[in-house]
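Both complexes below contain chain A, partnered by chain B and then by chain C.
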Partner chain A sequence: MSKDFEQQLREALRPVDPEEGFELRVMARIARERSRARTKVTRWVSVALAASVVFAAFLGAHQWQLRREQEGLEARKQLIEALRLTGEKLDIAYQAVNREAPEPADDGSGA
Partner chain B sequence: MNTLLKQSILALCGMLSLCAGALAADGQLKLPEFGGLSDKASEVVTITLDPALLGLAARFLDPAKPEDAAVREAIAGIKGIYVRKYVFDTDFVYPQADVESVRKQLSAPGWQRLVEVRSRKEQQKVDIYLLVEQERANGLAIIASQPREFTIVNIVGSIDMKKLHELEGQFGIPKLELEQKK
Partner chain C sequence: MKASDTWSADELLTRARGGESSAFATLVRRYQRTVYSIALRMLSDRHRAEDLAQEVFLQLYRAIDSIDSETHLAFWLRKVAVNRAIDRMRQESRHDSEPLTDAVAVADESTEEDPLLHRRMAELVAQLPPAARAVVVLRYQEDLDPVDIASTLDMSINTVKSHLKRSLTLLRARVQGTTIVEDIR
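On to the complex of A and B.
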């Protein structure tokens, strides 16, 4: 019994030559796995890169919008200040002209 | 060769003077740099609103608000607004020649002096000029000087004085009392 078992074991564990092309198939599979892993990483990097580009573009547009708004508000402020100064100087001139202008003649009605 | 060079220089000068003439014709004055005055002045106002900035400013005027709408209408034909104001703590710190150089530009054809105010008491000079082309006001210049301050206002473009007048009393723009003496 024990001898039979030993015999079977030896039979089962006897060195067997691999089939022809086994090494090539193993190497090809390793290469395929590596390539698949690389593709997966590349895909994730691409997605991350695209997301970063979209985010950067969004951020840039937002910043540009903010800056534009600040410039617009500043321009509005300057416009109002310019009109205020213009009005102020026109006022001085008109007041002086009014001072110089002769009073309308009194028609003597006493009204 | 020398003659050719001279002719070229003369032609260039001619072209430059034509350009300068065109610049004056569109109502924009050549304002001096007033370099170094900012350090001496206690208050400086420098406003440069070119057509692009004016357009931008107009976009920030709310047409729903009557006062903003009035400003929009007043600036509709205006191409540029340039203001320089300097206030000093002591008398005549500023180079009066610079201010006079602006006054001189207003002797160019088209500019008409509308008002000249000379106050001996306050040593104040105010001159208002209009650039009149084809019976339209295409430019406005105000030069106001006192011992301790001067202001130059140059508005370029088609100016509707009536609409400008309608802005009085808004945004701190003083109300002119022209009608009171009627």
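On to the complex of A and C.
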């Protein structure tokens, strides 16, 4: 070996170029990755959107149910109040009727 | 020649960070030799080296905002290329029995005065364990000094020097052993 060993090693390990078009293949791979990432994002947005619609529908139905129950309770309260008022009126009327009714006539039997 | 070929690496970096894909492509063209050569010497297989080099540039594309200068870029590319190659070698657990076909093929392309010796040296480098191989490749292919090799590989300078010394002794002994055998024949 005439040359210095380390110099021979440098020559044995000199850099080499990749096959022609390497840069184009890298750019194509980047484009593929980006489009895959975009598809993934779109898929997640669609799933999130669908989940939001389902959640909104569920929330709407739940609110509607609550409102119906609230209205039912309100109607029940009004009915009870109406019955109470009616009862009071009937009491008053009954008392008035009793008050104005003539004393039963004395039949003079002297008993 | 494209206009972007005349731009400095710092200008290319600024433009690539701004989303200019032609600037990024020019960066790839400028550094493909370094990254691919490291991958090839480490993996000894052209297809796997091409795949690994592409992955390194893909990672660079994602991390371009964190690269602040040409020096940083060269350091980053070497570091990522070597570390990815070592990871892949460990995953595949192939480093003990490399086929060496492509390492030989690369050496065959040599136009230097002693292609057989270069071929043998490339084969022997490909047989070194991953960390020692990385040190030798960065020293003799990339021409880095031990301080830069140490920071690229996250090793102490003493470890780098020790790898270099032991690898050179081993390579020298094996090359001489081969020469003796060839002389006998």
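The definition used in the following text is that the second predicted complex is superposed on the first by the 73 of 111 C-alpha atoms of A that agree within 3 Å, B and C clash if a C-alpha of one lies under 4 Å from a C-alpha of the other, contacts with A are read in each partner's own complex, and residues count from 1 in each chain.
FYI, contacts are C-beta pairs under 8 Å (C-beta built on N, C-alpha and C of every residue); 3 or more make two chains touch, one makes a residue touch a chain.
Note that the structure is a prediction, hence the values are computed from the model and not measured.
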State whether A:4 touches chain B only (first), chain C only (second), both chains, or neither. neither
Touch test for A:87: chain B only (first), chain C only (second), both, or neither? first
Is A:75 contacted by the first partner chain B, the second partner chain C, both or neither? first
A:20 contacts which: chain B (first), chain C (second), both, neither? neither
Have a look and say if chain B or chain C is in touch with more residues of chain A. B
Have a look at where A:95 lands relative to chain B and chain C in the superposition and call it first, second, both or neither. first
Where chain B and chain C land on the same part of chain A: residues none
The chain A residues in contact with chain C across the complex are 1, 5-6, 8-19, 22-23, 25-27, 29-30, 33
Note: in the complex, chain B contacts chain A through residues 45, 47, 49, 53-54, 56-57, 59-61, 71, 74-75, 81, 83, 85, 115, 117, 119, 124, 126, 128, 140, 142, 144, 151, 153, 155, 164, 167-168, 171-178, 180-181
Which positions of chain A touch chain B when the two form their complex? 68, 71-73, 75-76, 78-98, 101, 103-104
How about chain C: which of its residues touch chain A in the complex? 21, 24-25, 28-29, 32-34, 36-37, 40-41, 46, 49-50, 53-54, 57-58, 61, 106-107, 109-110, 112, 114, 117-119, 121-122, 125, 136-137, 140-143, 168, 171-172, 175, 179
